[in-house]
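The same chain A turns up in both complexes below, where it pairs with chain B and then with chain C.
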Partner chain A sequence: MSRFDADAIVVGAGPAGSCAALALARAGKNVILVERGPFAGSKNMYGGVVYPRILDELVPNWWETAPVQRWVVRRSTMILADDNAFTIDYRTPSWGRPPYNGATAYRPDFDHWLSRQAVAAGATLVTSTTVTGLLRDPAGRVNGVRTDRPDGDLSAPIVIACDGVNSFLAKEAGLYTATDAANFTVGVKETLALPRSVIEERFGVRDDHGVDIEILGGTSGVNGGGFIYTNLETVSLGVVLKLPKLTAQSKRPEEIIAGLKRHPAIAPLIEGATVQEYSAHVIPEAGLSMMPTMVTDGMLVAGDAAALCLAAGIWLEGVNFAMASGMYAGRAAAAAIDQGDVSAKGLAGYTKLLEESFVLADHRKLKDIPGLVLSDRVQQKYPGFVTSVIERVFRVDNPNPKPGLRRIVREERKRAGIKLGDLLRDGWKGMRGFG
Partner chain B sequence: MIAVCLKWVQPHGAADDRFAGISAADQSALELALRTAEARGDEVLAVTVGPVGAERALRDALACGATRAVRIATEPGVSSLRTATALAAEVDAADVVWCGDYSADRGSGSVPAFLAARLGIDQALGLIDIEINGNGSHIRAVRRLDGGRREVLSVTGRAVLSVEGSTARLRRAPLRSVITADAASITVRPLESPDISAADLVPYRPRARVLPAPASANALDRVRALTDTGAAPSRTETVVLEPAAAARRILDALRDWGYLT
Partner chain C sequence: MDFKIARDDTWPEISFEERIGTAEFRIHERAHIVVDGDTCRGCSTRECVVACPANLFVPTSDGGILFNYENCFECGTCYLVCNKEGAISWNYPEGGYGVVFHRT
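After this line comes the complex of A and B, so read on.
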């Protein structure tokens, strides 16, 4: 072989890294995947639902081997106000059959499985090894990494940084401009143990079917959202909170979770559960506006490291964006190696693949949504407004005649202190934002 | 040649190797084997008895600097005696055989003793402190005895040594060695020694003992009574005597306890 240790080095065996390594290995490249944990996924957390459609391209019939907890056949969005709630609920058995749609899964299971796919395709996985810096050639091009092991330098013409949110590799390579705390949310999650039959009764599902619930409101006045996902014998319950708001209100995330768990619409779902695990992680929430430059000479960035997590307000899709961007990075890297040009120009195919796929298309389409969903009005005023409208629509107040919907909306809007102009503008923004 | 015996344990069964590994004691044994071999300019043979997954223990050992690796193929659950018999055939040329004092699962610590018996060489088991001299010819080993006492042993000939997890911290393997060990060849041999006696078929159970409920009203005393199993009662005694009488008393005590004849 050449003077290099490998054709490419991928840093981080999360969904992005494993898919990058898998794509490179499939293209016949010699790739080393470096992970700091003792196994892939050992240190990784998220809410709990993955939408792996993109894997059809990399692991055909992935659903036969992927370690899934439950197949999501029911998706709900809940709006919580003080003590009441309004839920939009969709369910279909067809999501519970191949080729499936989404699934709940544990990251230590899922990421480990995905890394084994890369290894089976020929990638070399090196665990318990932390990358501590980039190596560069005299011209300043990235050509390897330094790790915390003795004799720990590894060289390769291409490095793919998949080291997750706040990627220090992307920063070290100068791909990010300044970091702004307003671009991040913090996710905090409890894994709550309940007997399998209790989960199935409370959430109205059978067998390996499960539920994905996103929640607006219920976060004790801190801008953010909540989620509940069912696993086989646990329920993941958590909140995603805007960092500056959290600090400004000096509330602790665990207090906010406790408040959510006490809400009358949530408490019966999790009554009697024991907390099995508590975890927290930062999420790149600002989408397009915070994305780094995706390539530089000898290096590409994918997944959360490139802020590609789609955070459409409270609807988080990070794993599928990580898997897709990792795969595209791997393919672009393989093509650049074949072309003999690993400069930023030679690697530009990556940005093109992102542009042409859902990865950047979805980010562009939904670019205004995080700002809207996390805005003060949507967070503080709309949940109460919506639930009180619904309450009056559903309330039977005989002998009084039923009020008309228009009147209810007008009265409740005034009561909530929402200006008509703001409501229309937000409504328009939402319509346009979801495109 | 220096040998080290490693036991790979998969706590969640054959299908899940994520939390698998060797015990802290085995890690110490590996480190001490490497140090002994370095001092002597000798090679290290790493051996495991176990299923194919156990080869990861050997690859880790190779990455850390072991010279050769042999796996004796079995499914988990082979008796200590059979394991030791199989190991003995592999390491019979070794000058020093390092073992962990306990594995990560059964932890009965019996393999090293059986191994020494099979090899017909000395043993020093359950060591808590090790010093290896400059050329590796002399090993000073400290062993824990009952009642908080220590025994210092000097090892110069062939021996099986088993160590606790705190005796040495396993070095981190250099990156390149980790990568080459990933593809290194490992010798696999079938488990011969079919001498399964009836006793071998008895499932492993920790020995149970019936203890009367301790009488003391003090919780600490009750815990002590239950956990200081088999330890001789404390021999500490405070007496006030004239110097000459005190010296006589000490000598008498040492004679009583068997330290002087």
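After this line comes the complex of A and C, so read on.
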């Protein structure tokens, strides 16, 4: 019998942890998945949409069993200024049929479902158990975790930390050099109850089709953004707020949500809705610049715990990065066990898998975008500039002849107090940054 | 259809107590977050008061901070924004306790 309780301990049964445990179990490894909530997903919320394409590798035809609210067939980006709005809206029925693209889902449902896939593959899920620290061998290598259960130590040659954005394990292991509030936003959300037929009328969808609207502006001057998306019988509406900007003013998060709800472009969508659940979560928003070292002796880190959340304006993704990084961590861990080397060197295959896939490729390509999107000009000046240009383009001001587009842009840019050099620089940065 | 649409851009406004009451909290007798009252008394910036989504940090008339861990979302905002070393000791609640999300 092995001197260990398992081949690997995975901490946290969110999308990263369940995929790590699933990959390990599929590789024939004995894996324990530890979750501090009473069920997987009970601690998790987000601002949106799951893009489960990566699950094709782990759960073929996942769409037949995944607990989805609505398939996103409309994707809108809305720019809000004082009382007006400019929206770019794309829709296609093709995202509403197999193999699908993105879906809205309640995380307590989705994450629970994903954890059951890991259990079905042979992983042992232990819920209602908080991991309180790491165990190390005399040489300092991680070889297990301490939990809050009596005699709750769990030993294994490998620990995969999928313990979320606050990852105490990654910090304890020294994988983060510093924690800077400027790298984080707080997402605050209301799940708003509305009759199904009302949602479908207001958002222009039918059956199990849904809408995801991402919003720039409308956050009471606090750098961040907003979102609205449709579930079957609720609409989720929330804001994401950059922490140092939130604390530099006096409006509380729920007041900022109330301001967004009052906006003339938003209010008609949610009139008469009652709050069914209020929730909040912190988001690692700074991308590549805040990421930790991904492996150390006996330990890997994945998902939000590794800051693998993509907040790149037109792309706002996290669950897919969590699922993929968890899967790669599980595979790299299984390979390291097979080769008998669970040192940082033996686990280096994980970093390679991240780099060869979208997980780090997207983050490298878009490394300058999170900073640009949350910058003061993009947040404070550009929304009003864009909507006032659009207003003048579409306003019919007869008998005056139409002004030229160039003149409108120049005048509105000056009115917004934007220097031409700054606009060109940001434009260049965006063009380069988005690749 | 019996659903009534409001006549203006309003919706049923709710108190913070009602708002926080929509979330489920399984409260453990031991506080998972401990706030050092003396440090907070000397703090003038009080980032936690405006930022905590659960509104758990309330200034008192004598210049202190009243803190309640029971309705905590376990998000981490408070310790991330706090400028005072050691003012907020932050841990996760015991396994099985704390916030339980359902429709989010």
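In this section, the second predicted complex is superposed on the first by the 431 of 435 C-alpha atoms of A that agree within 3 Å, B and C clash if a C-alpha of one lies under 4 Å from a C-alpha of the other, contacts with A are read in each partner's own complex, and residues count from 1 in each chain.
The rule we apply is simple: a residue touches a chain if its C-beta (ideal position, glycine included) is under 8 Å from a C-beta of that chain, and two chains touch if they have at least 3 such contacts.
In this text, all values refer to a predicted model and were calculated from it rather than measured experimentally.
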Fit or clash - chain C, chain B, common chain A: fit
Touching partner for A:108 - first (chain B), second (chain C), both, neither: both
Touching partner for A:43 - first (chain B), second (chain C), both, neither: second
First (chain B), second (chain C), both or neither touched by A:282: second
Partner chain(s) touched by A:381 [first = chain B, second = chain C, both, neither]: neither
Residue contacts with chain A in the superposition, chain B compared against chain C: C
Three-chain overlay, vertex chain A: chain B-chain C angle, C-alpha, nearest 10 degrees: 50
Touched partner set for A:166, first chain B, second chain C, both or neither: second
Touching partner for A:247 - first (chain B), second (chain C), both, neither: second
Chain B versus chain C as contact partner of A:130, first or second or both or neither: second
Which superposed partner A:149 touches (first chain B, second chain C, both, neither): both
Contacts of A:413 with chain B and chain C, given as first, second, both or neither: neither
Minimum C-alpha separation between chain B and chain C after superposing on chain A, in Å: 10
On chain A, positions contacted by chain B and by chain C: 38, 42, 108, 129, 147, 149
In the complex, chain C residues that touch chain A: 1, 3-6, 9-14, 16, 18-20, 22-23, 26, 45, 47, 50-51, 53-55, 73-77, 80-81, 90-96, 98-104
Chain A residues touching chain C - in the complex, by the definition given at the top: 36-38, 41-46, 106-108, 127-130, 132, 147-149, 165-166, 168, 179, 181, 184, 186, 188-189, 191, 194-195, 197-198, 231, 234, 236, 243-244, 246-247, 249-254, 258, 261-262, 264, 267-268, 270-282
List of chain A residues in touch with chain B within their complex: 5, 32, 38-39, 42, 108, 112, 124, 126, 129, 147, 149-154
Residue ranges of chain B touching chain A (in the complex, touch as defined): 18, 171-179, 182
